[in-house]
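Following are the structures in question.
In what follows, chain A forms one complex with chain B and a second complex with chain C.
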Partner chain A sequence: MRFNFLLFLLGLAGLVMMFAPLPVQSSPPVEREFRIEASQYAYSPGEISVNPGDTVKIHLVSTDVVHGLYVDEYGVSITADPGQTATLTFVADKPGSFRLRCNVTCGAMHPFMIGKLYVGPNLWFYRSAGLAALVILSIVFWKRSNQPTITAN
Partner chain B sequence: MELTRSPRVKALLKSRYPQLVLFVLMLAGFVFAILAGFIGTPVGSHNFSIVFVWIAWWAILILVAVPFFGRGWCAVCPIPVAGDWLQRGAVLNPAPKTPKWLGLRVPAKFRNMWMQNISFTLVALFSSVILTTPVVTSVVLAAMLFLAIGLSMVFERRAFCRYLCPVGGFIGLYAQTAPIELRIKDKNVCAKCVGKPCYNGSDLGSGCPWDVFPGGLTKNTYCGLCLECLRTCPHDNIAINARPFSADLARPSAKLDEAFKAFIMLGAALIYAYVLMGSSGAAKLAAYNVFTPAWFVYAAIFLTVIFILLPGLYWLVISITPRGRGVGVREFAIASTPLIPLGLMFWVAFSLSFVLTNATYILAALSDPLGLGWNLFGTAALAWQPLLSAFIAPAQSLALVGGLAWAARTAQKTAPQAGISSAPVISYCLAVTLLMIWLLL
Partner chain C sequence: MKRPELLTRLLITATLLGVVALPLWAWVSVLSNVEEPLIHASIAESGGWSPDVIQAKVGEPLHLKFTSDDVMHGFAVGQMEMQPVDIEPGKVSETTLTFTKPGIYTFFCTRWCGINHWRMRGTLEVSGEPTAPETVSPALYVTLGLNLDAPHLADAVPAEKPSAARGMGLLHQISNLPVDQSADYYRSHSPSQVFQDLSTSGLTDSQRWEVVAALWAQNTSPAALAEGGEIYAQNCAACHGETGSGNGVFADDLAARGEASMQAMSGSMDMSMQTPASFSDPQRMLGASPALLQGKILRGGMGTGMPMWGSIFTDEQIWNVIAYLYSFQFDYSK
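Right after this comes the complex of A and B.
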C-alpha cells in the first residue's frame, strides 16, 4: 500500500515533468540578429539561442554553393546564393530546440546539413532526462516492493 | 497464443506461392534499385536507390518489421533468393539430397556472429558515402546479391544470411525482443521423430536453410522465418506464436559475439546521432571524405567507441561493484543483454529524426525514380517538407525513455543470472540514454 502510494506519486511527478508549463520568461522580448555562414555541410555558428518572444533576424551568407535555411516547426525558410546575403525574420514564439535544415540540394551530405535553434531552455531535453530518472526510480522501487525478500543469487 | 492455429493462416503460410510472389516483387524492386543507382541521377535524394533503400526500407525495417515481426523481413528478403534457387536448382522444389554444387559446411570458426560484426562495421564506417551516393549504394546492394549467390554455390544452406549479411546480424539480435516466434509445439514429438525432416529436408521442403534445428529453438536470433519447417514437419509440430515482447531475453545468451553486436549497434547509433543529426560540419566532412586523414581519425574514433570504450566502460562498471569481482566473459555477455532493447530503441529514436524529415522524397522518387524528369504519378515536383516535425521530439523522448525502462526491467532479470547486481547495469543504461537524449533532442 505504501509503495502503491509511492508509485502514484512518481507517476504524478512524471506527468508534471512532461506537461508542466515553463516558468514565464522574465526578460522582455528583443530583436536578435545573427550572421550565419552556410557552407557544405554546416552552418557557422551551428547553434544559436534566443529567448521566447524574441524577434530573430538571420542573415544567411553562403560561402560556396546555394544553400537554404529552414526552421523546423516554424516552417519558415530562406535561400542564399553564393556570396549574397539573404535575411529571414520571424518571432520565436515556440519554446524548445529546433533544427535548422538546408532546404536546397547542395551536395551529397545535404540531407544532414543541420544547425540548431534554441528558444529558451531545451525543454524536451530536460523533460526527457527528468522522466528517465523517474522511470528508473519507479522500476527500482517497484522491484523492491514486489520482491522484498529477493537476494539475487 | 498460436497464430498458426487458424487453418486459413496456416494454409497461407504453408503454400509456397504467396511467398514466391513476394520474393519476385521484392527481387524486381531490388534489381531496379541497383539499376537506378547506376543509371539514374547521382543526386541521392532524387534517386530511387537511396530514397527507397535508406528512407522507405529502413523506416519499415527499424520502426515496424524488427520491433514487431523480428526476422519478418528475412522471410521476404530478396537478397538470398537467387542463391537459393541456384543452390536447389529449382524455384519451388526443395534442395536435392546430394548437393548440386560444392555444398560444403561453413568452417566451425566462422559459425558465429563475428563476420557479421565485421561486415556491419565496414558498412558503418563508409555509411555517409553509401547513404548519400546512389552508385555506391548500388555497388553495396549488388555485392550483397552476388556474395549471397557465391556463398550458396560453395556452402550448404544460407551461409550468407547466417554468417555474413551486415543487416542480418542486428535483425537477429533485435528479433529476440519481437512479440512473435516460431517454435515447436511439443518436445516429445520431436524426440520420437524419425529423420528430423525439418533439419534434413524431405520431399516437402528443404532442411532448415538457416542451419538451425527447429526442435531446439529457444530464441529468434537465427531463425529466418523462412517457413520451410512449417512445410516439412510431418507431425504438424511447428507453430508461430504471438508472445510478450522480449521473451527470449529471459534466458540470455552467453556469447561474446552477440554481446559485441549489441555494443556495436549501441555505439553506432550514438555516433550517427552526433555526426548526422548534430551541427558539426567537420564531423560530417570527416565521415564523408573517405580515406582522407580526417576520415581515418573518424574511423579510429568510431572503432574505439564501439569496440573499446563502450564495452570497456561496461566491463569496468559491472566489475568494480562488490558482487562483480569475478566477472568473466560469460558473465559479461549475459550482463550485456539489456543493451538489446536499449539499442533497438536508440535506433528507433535516431531513425525517426531522418525518416519523417525526408519522407516527402519517397513520393517524389516514386514519380521520377531515376531523376530523369519523369512524372509518373504527378508527384515528381513535390517540394521537400519535413513531416510531423512537432511530433518527432516527443516520440523520440518516448522511445528513449521507454527503451531505458525496458532495459532496466531486462537488467533486473538478467543481471542476477550473471551473478551481479542490476544497479551498475541500470546506471550504465541511464548514462548512455541521457547521452542519446542530449544528442538527439
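Right after this comes the complex of A and C.
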C-alpha cells in the first residue's frame, strides 16, 4: 500500500515535470540582428538565441561559394553569393530549438553544414534533466523498499 | 492451320522480334545522344569546365546540358544576351543557344565558386560563313596612350562628397565654364583634371567639385547606374567589397596570396596590387579617368586576382560599371 502510494507520487511528479508550465520571464519582443558568415562547411556564429516573439534579422555573408540558410520548422530560407549579402527576416513565434541548414549544395560535406536557433530557454532540456533526476530518485527508493525483503531471507 | 495456332505463332514471332528490337532501339537512341555530351563544371582548382571547348555552327541551335561536380556554378556566354544557367551538383540543367555571328566566344561561370571563380572559363567556337567584316576600333585607353599600371593619385580631394544636384545648378547658372559636356571629354578626363581645368572659373573649391560631380552625373542615368550596380554586385563585390572599399570577402585571401607570390619580392607597390582596389579612396578614384578604368577592366590586373573582362562584358556594360564606381565618390541624390 505504502509502495503503491509512493509510485503514484513519483508518477505525478513526472507528469508535473513534463507538462507544468514553467515560469518564463517574458520580455517585450525586439528586433535582433545577426551577421552570420557562411563558409565551407560551417556557420559563424553557429548558434543564435532569441526570445519568443522577437523579429529575427539574419544577414548571411558567404565567404567562399554559394551558400544558403534554411530554418527548420519555420520553413524560411535565403541564398547568399559571395559579395552579395542576403537578409532573412522572420518572427520567431515558435519556441524551441531549431536546426539551421545550408540548402545550396556547397561541396562534399554540405549535409553537415548546420547551425542552431534557440527561441527562448531550452525547456525540454530542463524537463528531461528533471525527469532523469526523478528516475534516479525512484531507483534509490525502490532499492530501499526492496532491501528489507532481501535481508529477511 | 487453325486460327488459334496462327495467332499463337504470330504472337511468338512478334515477341521474339521485340526482344531483339527493343534493346537495339534503346542502344541507337543512346548513341544518337552522344552528340550532346554532358558538360561538367567544377571549381577551377579541380579543372574548371570539362570540356572547355564547345563547337557550334551559325544559325543552328546548340543544345547544352550541364551538371556540377562540387558546388553551385553558372553558365553564360560573354557579350551575349542570355539568361545565365545555374548548375547544381546532382542536377542537370539545359539551355539552347543560337548564334548569329561566327567567331570565338568566351563562356564563363556566373556564380562565385571560390577565389579562383573567374578562372573558370571556356571557349565556344562558332563556325560559319563570315558576314561583312566589322571595323574594330581600339579601346580609348589605347588611343589616349594611357599607362594602366602607373599610379594615378589626385592632387586634391574634396572635403566632403560633392553633390551633383548643386553642381547642376551651377552648370546652368554659369554659361562659360571651361569644361566640355560631351561624352568624349568625360571619358578622357579624370575628375581631378576637370577640377584643375576649372581653376580659372572663379568658383570655390567645393563648387568646382560639385560641377565635376554634375558632369559625371550627366554622363550616366539612373537606369545605367542600376545596371552597373547589378553587374558590380555579381562580379566585383566579392573582392572589392559591397561598399566599394576593397574589403570584400576574398580580400584577405588575395592579400595573403600576394605576400606569398614572387611579385611581392620586388617592392611594396607590387604587393599592394594584390589587394583589391578601394573605390572609396578619393585620391585613387578622382585621379582616374573613365578611359583608364575601362582599360583596367578590359585588360584585367595581369598577375593579380583581377580578371580580364574584355571578352565578357559589352562596352556599354563596362561604361555603366564605371559610372557606378564613381557613385562611391559623388552624391548623385536629387
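FYI, the second predicted complex is superposed on the first by the 141 of 153 C-alpha atoms of A that agree within 3 Å, B and C clash if a C-alpha of one lies under 4 Å from a C-alpha of the other, contacts with A are read in each partner's own complex, and residues count from 1 in each chain.
By definition in this document, contacts are C-beta pairs under 8 Å (C-beta built on N, C-alpha and C of every residue); 3 or more make two chains touch, one makes a residue touch a chain.
Predicted, not measured: the structure shown is a model, and the values here were computed from it.
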**Prompt:** chain A superposed: clash or fit between chain B and chain C?
**Reply:** fit
**Request:** Name the contact category of A:V30: first (chain B only), second (chain C only), both, or neither.
**Result:** neither
**Message:** Contact-wise, after the overlay, does A:A132 reach chain B, chain C, both or neither (first, second, both, neither)?
**Reply:** first
**Message:** For A:T105, using the defined touch cut-off, is the partner it touches chain B, chain C, both, or neither? Pick first, second, both or neither.
**Reply:** both
**Request:** Would you check which partner chain A:W124 touches, where first means chain B only, second means chain C only, and both and neither mean what they say?
**Result:** first
**Request:** Would you check which partner chain A:S97 touches, where first means chain B only, second means chain C only, and both and neither mean what they say?
**Result:** first
**Asked** Of the two partner chains, chain B (first) and chain C (second), which one does A:Y43 touch, if any: first, second, both, or neither?
**Response** first
**Request:** Mind working out whether A:L12 is in touch with chain B, chain C, both or neither, as first, second, both or neither?
**Result:** neither
**Prompt:** Regarding the shared-chain residue A:G115, is it in contact with chain B (first), chain C (second), both, or neither?
**Reply:** first
**Item:** Dominant contact partner of chain A by residue count, chain C or chain B
**Value:** B
**Prompt:** After lining up the shared chain so the two structures overlap, which partner does A:A20 touch, if you call chain B first and chain C second: first, second, both or neither?
**Reply:** neither
**Fill in**
Minimum Cα separation between chain B and chain C after superposition, in Å, equals 5
**Message:** Just to be sure I follow: which residues of chain A are touched by chain B in one complex and then by chain C in the other one?
**Reply:** 105, 108
**Request:** Spell out the residues on chain A that touch chain B in their complex, using ranges where they run on.
**Result:** 39-44, 46-47, 70, 72-73, 96-97, 99, 101, 103, 105, 108-116, 122, 124-125, 127-129, 131-133, 135-136, 139-140, 143, 152-153
**Fill in**
So, in the complex, the side of chain A touching chain C is made of residues 61-66, 81-85, 104-108
**Touching residues (chain side chain B, partner chain A) in the complex** = 43-46, 128-129, 132-133, 275-282, 284-285, 288, 323, 354, 357-358, 384, 386, 389-390, 393-394, 397, 400-401, 404-405, 408-409, 412, 415-416, 419, 421-422, 426, 430, 433-434, 437-438, 441
**Item:** chain C residues touching chain A - in the complex, by the definition given at the top
**Value:** 43, 68, 70-72, 88-90, 111-115, 233-234, 236-239, 241-242, 248-250
